[in-house]
Amino acid sequence: MSNEWLILFFLVGALFVGVVVVFAGFVAPKSTNLQKFEPYECGIPTEGVTWLQFNVGYYLFAILFLIFAIETVLVFPWAVVMKEVGLTAFIEIVIFFVILGLGLLYAWKKHALVWE
Amino acid sequence: MNSIIQYFKEITQGVGSLLRGMQVTNRYFFSPGKIVTQKYPDNRKDLVMFERFKGEVVMPHNEKNEHKCTGCGICEINCPNGTIEVISKTIITEDGKKKRIIDKHIYRLGMCTFCALCVKTCPSNALAFSQEFEHAVFNRALLIKTLNKPGSQLMKGVE
Amino acid sequence: MEEIIKEVVIGEQEEYVINMGPQHPSTHGVLRLVVSLKGEIVKNVEPHIGYIHRGIEKMCESITYTQIIHLTDRMDYLSAMMNNEAVCLAVEKALEVEIPDRIKIIRTIMSELSRIQSHQLFWASFGMDLGGQTCFFYGLRDREKVLDIFEETTGGRMIVSYNCPGGLMYDIHPNFRKRVKEFIKYFRGVLWEYDAILTGNVIFRERSIGIGTLSLEDAISYGITGPSGRASGFSCDIRKHEPYSAYDRVQFNEVLYNEGDTYHRYLARIEEMRESMSIIDQLIDNIPEGPYFVKMKPVIKLPEGEYFQRVETARGELDVFIISDGNKNPYRVKFRSPNFVNLGVLNHITKDFKIADLIAIAGSLDFVIPDIDR
Amino acid sequence: MDKTQLGDFVKSLKPDATVIEGKQYTEVTVADTDLHSLAKKLRESEETWLDFLVCLTGVDYGDNFGVIYHLKSTKHGHMIVLKTRTSEREKPVLNSVCDIWKGAEFHEREVFDLLGVKFNNHPDLRRLFLDSSWGFPLRKDYVDDINIVSK
Amino acid sequence: MLLNTITNTLVTLSDPWWKVFYDFSSLTKGIDEGLRSSLSPFWAVTVEMVIIGILFLLFYAVIGLFLVYAERKVCAFIQNRLGPNRIGPYGIFQTVADLIKLLFKELIPIKNADSFLFNLAPYIVIIVNFMVLAAIPFAKGLHAIDFNIGIFYVIAVSSMSVIGVLLAGWSSNSKYSLIGAMRSGAQIVSYELSIGLAIITVVILAGSLQLSEIVEAQRTGWFIFKGHVPAFIAFVIYIISGTAETNRGPFDMAEAESELTAGYHTEYSGIKFAFFYLAEYINMFIVASIASTLFLGGWMPFHVGNWEAFNRVMDIIPPFFWYIGKTFFVIYLIMLFKWTFPRLRIDQLLTLEWKYLLPINLVNVLIMAFLVLMGWHF
């Protein structure tokens, strides 16, 4: 089958969830108990706002991830043609990886790979 | 250089420790004989409790519907939280004497903490523990039990 | 470059307050911890307790000394034997009753068995706190065997009410010796699995080594006793320092470490199981014949005065402090429960660790909530 | 130090303290105003070095409240019992020993919660087990007809 | 009419009917041609779409329910328990009963939740599931869409399911969920790279991104054997990061029930919760089937170089069973991880990725490239 069929799988997934949720909406009971709509916090009412500025602590990792994710764009096509191109491709990728690895090593030595 | 050796040492040791753990769980997966769970309500028939198991307090009666309780109330005094209540009545015996006998021996299972003080202190060994452990009922009132059976008598020779 | 990144990462923000408990899978009961977070980092932990406060100390003032036993069972239900023993020893000390060796040895064996089962449950629940669910079932599987021994002799599994002032409620069951020996043999055989699954596991070690370090000074100042205190090097084993029952006639090591982190609190308990087994080994064949109780007056009245008894439970030092005015009821009973005191240190040692570490540290202090609340 | 030496030493520190050689431990009774200073001296003197607060008990004596401290030295292994009484029943106040033994914080909160004895200089004196709607249940005159069933 | 087409196709096949199990392409082609000959092109496509849609839905539900049951049984046996044993023989209908129960449970709208995102999140995880399943080769000829960049497509799409998790946690207006969501964010940045590089190691060996070609390239031997040590290391790294990708223990930080009660899906109830639950298991299935396709030869039977007789015997087992067997082997491994190991801490997940998996992976890719360059692989 051709790639256009992908839309079918998208639709099947969406329909599956949609139909089941609508069905459940009909058959499931509905409560009027306001306590049930409270967000869960071990039985105690929530204090303060939930959506605060949140210190996630992996900001540096995210930046590093971006660099390496872009690197994959090169590496995937390279991997496909590696067998055919041979030595040139190998030398190229060695140089490429050494640069990447040095970057990683730099980040490592600068303690960027530590959760703040 | 040392740090590199250390790095690979860490990896091999780490992977080794993970494999050791998996070895244990994997071994149990393939040895179904070691399963310890019981299929509880199905094995009710051959489920034997230990003889000393403290299920609930009962008053053993013999085949002539006789018990040993004299109604002295020592169990009631010894119970830490008022589980037991002994209600006695006075009757006139055949030879014309007045005698206090037990009317109702009330036992509140819902309050019992199974400390065994009533059973231990009973001077005439009238109380015992049964091996019954399925106490669940739908009504709390059913947990208040009268231990002496209707029409039961004091056993001969027990004072 | 670095400075800029640091500035981006650490921005000022409000405190993020989150409730852990009373209905939370890893607070082991109805403990409520109000945790202030900064990202994943714990800034402050405030324990809120009392959800199952039953006023045991108040209740004791209106019942007799024999009846207190059934309440002490319900404090630290995993060390019920030791709690009972503490009250019995205090009463016996006050009355100056001489206790025969048989009773002393049986009490010691029972205490050590209940220490083993308590540490087994610790192992089980600690593993589960860290996400290793299988630990829980292995721990309970082995603990069941100890509970069976208890049930056969005492009729109860956790709430045993076995000791009473002047001796024991029942004699040991004829199978007792055989079953204990079987259990020791079995448990020595499976203890390596505990090490394989948790102690040696690299993930576990990474999660626990260096986490929640408690220094020796702080351990003493906070009064952290039991395995948690001994992991910090605080030599606080009452069995060694003020031997009671038959502890003066057995050889055992007080397990001491200096690191005081989560891993060593865990390790102290594992090692204590081994020590307990060796104590049982020394005693199980030497139970002398004789009566299992000393005849006492039907109503026990303690002479006027103050009586203090220290006992080492599975979680630390349990002290019973009885003030008697000469009546059949005590004037005041105080239980210094180990968990209550150990809880005091939680905030101190969890600061600046992560949420996952908070769970690990709280797990390694091994709380039993009814003992905290009493 | 044994019991007698301990008693003599305490006597030298605080001459007006009452020292009894009890069956188990040396028992020292001091006035409520002297408690903190004596406790600090006992904690810091090389001879006593009582660094471990084993137990802190509050007692209702009727006219006033008593607080009993069981102290132990991890260095010398001796124990001492320190007792004090509040001056009155209506507004019982004592000095906190939190700065000497950190573990006292929880103990004192418990005493405050159950007996109503206030501790000065306590960092966080709030009720511990109960909420403020309760009285002070460990007091002998505490009445609660609903929750306490007496036989 | 449909049945007619199928029987006609089966009859017109040159080989005996059971040969279909060895190569599905003639069957599918036959059905396609039969439909096209009897219907207008538009209706033929529609009918085909409906058939495929229903087949995949059924497959999805069956695999999901079976995996939930299998997980319960596996963990029960590991833990010396019996596991589900009440509904049906050996409790096999337990998960069906659970599904029905969940279907009839209340869907609780959480106060102040971002209801649009809250409702959108289950759609994302399920749609992603289906779109990935489309690219998986189940057997010879049983392959919905054979992309020429198949494996690249799979890792690209499957990583999107984390966005569903992130949305679910963020929109719930619960602090536990929010922390769970943030942790899943950390997971996005952690496992993506190593999963990609582990796959690249195989792509070098196969010289193609198309999944059918990768399977075909393993006719003479599975890559895990062909590629010596580097392929094995890549396999291990793939399994580790695949476990992380599916949010399963020991990497289940986003739901971490001992810390965050249920993490990102704390606030979901009834069938919406079931979607996340189902998606987690299907994700595990996807990870396992990619692992078996890339490293263990997919539906390719076990072949050893020149042993003709041995290879014949191996060929008797239909490819679909080879595929299922290998996939379930990997699934068992992943389950064993979950039920053996304690959970990692969130910073340890990142440390594992950046300090261990990534450097090893980079070197591993180079070694593999060198092996291929020198022709030292089998």
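To keep things simple, chains are lettered A, B, C, D and E as they appear, and every chain counts its residues starting from 1.
Operating definition for what follows: a residue touches a chain if its C-beta (ideal position, glycine included) is under 8 Å from a C-beta of that chain, and two chains touch if they have at least 3 such contacts.
Being a predicted model, the structure only gives us computed values, none of them experimental.
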- If a chain touches chain B and chain E alike, it appears here: C
- Item | Geometric centre: closest chain by C-alpha means | C
- Comparing B-C with A-E, the busier interface by C-beta pairs is A-E
- Relative to chain D, which chain has the most distant C-alpha mean position? E
- Where the CA atoms of chain C average out and where those of chain D average out, how many Å apart are those spots? 25
- In whole angstrom, what separates the CA-based centres of chain D and chain E? 65
- Query: From the C-alpha centre of chain C to that of chain E, how far is it in Å?
  - Reply: 46
- Query: For chain A and chain D, what's the span in angstrom between their mean Cα positions?
  - Reply: 58
- Note on the structure: By the touch definition above, chain D meets two or more other chains at residues none
- Note the residues in chain E that touch 2 or more other chains, in rising order. 78-81, 175-176, 182, 261, 339-341, 346-347
- Counting only residues that touch at least 2 other chains, which ones in chain B make the list? 18, 21, 24-25, 36
- Which residues of chain D touch chain C in the complex? 22-25, 27, 51-55, 57, 59-60, 68, 70, 74, 77, 81, 101-103, 105-107, 110, 114, 128-130, 137-138, 142, 148, 150
- Given the complex with chain D, which residues does chain C contribute to the contact? 49-50, 53, 55, 57-58, 62, 218, 220-224, 234-236, 241, 305-308, 310, 317, 319, 321, 323, 331-332, 334, 336, 340-341, 343-345, 348, 373
- Message: For the complex, give me every residue of chain A touching chain C.
- Response: 41-44, 47-48, 52-57, 59-60, 110, 112, 115-116
- Query: In their complex, what parts of chain C are in touch with chain A?
  - Reply: 2, 5-6, 8-11, 13-24, 32, 38-41
- Message: Help me check something: in the complex, which residues belonging to chain A touch chain E?
- Response: 1-3, 5-6, 8-18, 20-21, 23-25, 27-31, 36-42, 46, 50-51, 54, 56-58, 61-62, 64-65, 68-69, 72, 75-76, 79-84, 86-87, 89-90, 93-94, 97, 100-101, 104, 108, 113-115
